[in-house]
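Have a look at this one.
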């Protein structure tokens, strides 16, 4: 479910980066003020544990295919929301750097999709509410399953929104959502089962670990609403700034709206508002406003219509020749640099 | 230099879950002594060691490290004077590079950067590990890890070195190098180990722990010759003192640590 | 299993590459980080039907790979293997967008194929740039750079800790998997129950390890704050690197070089 740089627009990427950066800063401040300094190494090794745990798979009952632990939910159960979010963010950062899972710009999206939902939504609002202060086997199983499914559904939903807002992929919202949600229902059940299996083991072997986690880690005096509100503010500002910046370099394809309305100067700020509006949309409403969606889709269509002439037959030949030539020149430069280095 | 003493008086410790750790341990180790702490698994060695750096606070009894009785208030002073080398170097080397790891302690002491760098270099030179200074710990061999772990402790310039199984998981050559290194230190040393041959070479005195209590505390060589005592404590005599496996004779005129034993006897 | 062995190898290998001594390796990590981000930002800002204008951007990874003496084949292979997601989503473009926009003889090329190709090209460029960054810098130095660029200390420490213990824990998990494989026949050793107890054991051991590490940290004066010495110098060299590349990226963003070049050639020939 990793988003990739190739599928997102700078505005979406920047927006999600801003949201994630805000969350990381908030969680880091909380970690810094946490008097329990045993968490410093604990978070570190638990992050590594997620990597290791993903190596170990199991046969999914009745299917024969195999699944493994995703991580966000179990981390939240063991560490509480904010420490778990930081840990999940670090896991995804390493994946982005070393395994090229996603990419650096999409990292903001990925941390948000796979970290925020399990840690700040599924765990506190679902898992904790169901398990409560007196965990039983049945409650743990139910809570893990529901929280696992909800966390992944929200994440998948967010992937769809990010992709559609970026409009690099042609997939229409409806098709994409109908594709992603059922797939992630399956993944969510697997995640819930795997999490429950581990939690039940710990519950039997060393219940004090779970008690300590659920008692001493409330969300803190900084309420999450507060955080979300300031996140939104940051997102609007960054979104606006980014799209203003992007439109400061108008290009026939991307900001074709400029042509339609005539003057660039008039269009730019409006585009900024539009981009940040879509940001608000993404953050506040989990059910998208369809009117807004179609407006967005129309803009995409207009974009593509005006885009066609840019790649007509005449220019495409010169494009092909020029592209090949450019590649050749780039390779040549590379070789000569290498030559010079080795000489 | 009489302040490098370690003195325990009737130490008791019970774990929160009710498991008995140690019951009534008393000893006094003076400056420059090198003492081995031996005992079977679960005898209470690790529990005792964890008291020496204040990680565990005794349920009853007194512990004096240097000039300080061990209490919550003096814990920082105690930790500064006791250097603890852990059994698994992976637990001890937690920073991204060898340099960062050795610098971790001195930086926490609040030393200026220049002094920190000097201490790091000095500590790594002492253990002969200057060449790995920039490497991440996961790229070191077992022996290198152990040496660097010792350097991290030396950089704190402790008065007392406490080591948990320093020779475990080392190949024979690395073990030999380690023994040579430890011999060159003039610190007060307390070494918990199953490697009785190393104890014989490094420590003139040995404390045997069994069931959370001290069952013997005397000169190493005398103690290891007492087969009855060793057996009762779940131990056996070091290999170098056992019969030759080929001809089952014991070397005459046994002289630790290097004995002339060839098959001409 | 084999996949994770190779993952572990990859991490170790890229860290080995980062020990190089070229002038690119010694450049302040911040300069490389910022330049890479500018690069990625510029690449993704192109419209979805742009291919030719993106091509000149290969110059950045190519020059860096050549200059830093990185193994080209290895990096290309790595880019090829990763992220099925981009491919999976991208492949829908040719299916959905079937407007023919280009004719090459009898071959009709639809907008969907163009945008799909553009996605793949972007993907190769952005992923390639990230891999080159880490191979030239090393994760540790990247983290130090991030901290100096304002990323909160607790998060940087978290990254460093995680990175340090990946090797230790993946090793441990690898041993457990081997033990399970040796004693399970027909796959009945991979039930959810056994999975739970394996992961559970690994988790408990991990938590014990965290406790021992904490003890080791306390023994060396840990007070909740991690201190690091990392002299970094952002000098003229770094400034030139950042500004030079950024200027190139922006001009490549504004002028479609292959287009201009192609026009020149075709006009000259025809």
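To keep things simple, chains are lettered A, B and C as they appear, and every chain counts its residues starting from 1.
By definition in this document, a contact is a pair of C-beta atoms (placed from the backbone, for glycine too) under 8 Å apart; a residue touches a chain by one contact, two chains touch by 3 or more.
None of these values were measured; they are calculated from a predicted model.
Asks: Looking at which chains touch, is this a line, ring, star, complete or other?
Replies: line
Asks: If you average the Cα atoms per chain, which one ends up farthest from chain B?
Replies: Comparing chain centres, A lies farthest from chain B.
Asks: Distance-wise, how many Å sit between the C-alpha centres of chain A and chain C, to the nearest whole number?
Replies: From the centre of chain A to the centre of chain C is 16 Å.
Asks: Averaged over CA atoms, how far is the centre of chain A from the centre of chain B? Could you give it in whole Å?
Replies: Each chain's C-alpha centroid was found; their separation is 49 Å.
Asks: Quick one: report the Å distance separating chain B from chain C, using the average Cα coordinate of each chain.
Replies: Going by mean C-alpha positions, chain B sits 43 Å from chain C.
Asks: Taking each residue of chain B in turn, which ones touch at least two of the other chains?
Replies: Only 94 qualify.
Asks: Considering chain C alone, which of its residues make contact with at least two other chains?
Replies: 139, 160-161, 163-165, 168, 209, 213, 217, 222-223, 226
Asks: Hey, what residues on chain A touch two or more of the other chains?
Replies: Residue numbers touching two or more other chains: 41, 44.
Asks: Would you pull the chain C residues touching chain B in the complex into a rising list?
Replies: 12, 15, 19, 139-140, 143, 160-161, 163-165, 167-168, 209, 212-213, 215-223, 226-229
Asks: Could you list, by residue number, the parts of chain C that touch chain A in their complex?
Replies: That would be residues 1, 4, 7, 10-11, 14, 22, 36-37, 40-41, 43-52, 55-56, 58-59, 62-63, 65-67, 69, 78-79, 82-83, 85-86, 89-90, 92-93, 96-97, 99, 101-104, 111-112, 114-115, 118-120, 122-123, 126-127, 129-131, 133-134, 139, 142, 151-155, 157-166, 168-170, 172-174, 176-177, 187, 190-204, 206-207, 209-211, 213-214, 217, 222-224, 226, 250, 253-254, 257-263, 265-266 of chain C.
Asks: Within the complex, which stretch of chain A touches chain C?
Replies: Touching chain C: residues 1-10, 13, 24-25, 27-29, 31-32, 35, 37-38, 40-49, 51-59, 61, 66, 69, 78, 86-87, 89-91, 93-94, 96-105, 163, 167-172, 175, 193-194, 196-198, 200-202, 205-206, 209, 246, 249, 251-254, 303-304, 307-308, 310-313, 315-323, 325-327, 330-331, 333-335, 337-338, 341 of chain A.
Asks: What does chain B use to touch chain C in their complex?
Replies: 50, 53, 55, 76, 79-80, 82-84, 86, 88, 90-92, 94-97, 100, 103-105, 107-109, 113, 116-117, 134, 136-139, 152-153, 156
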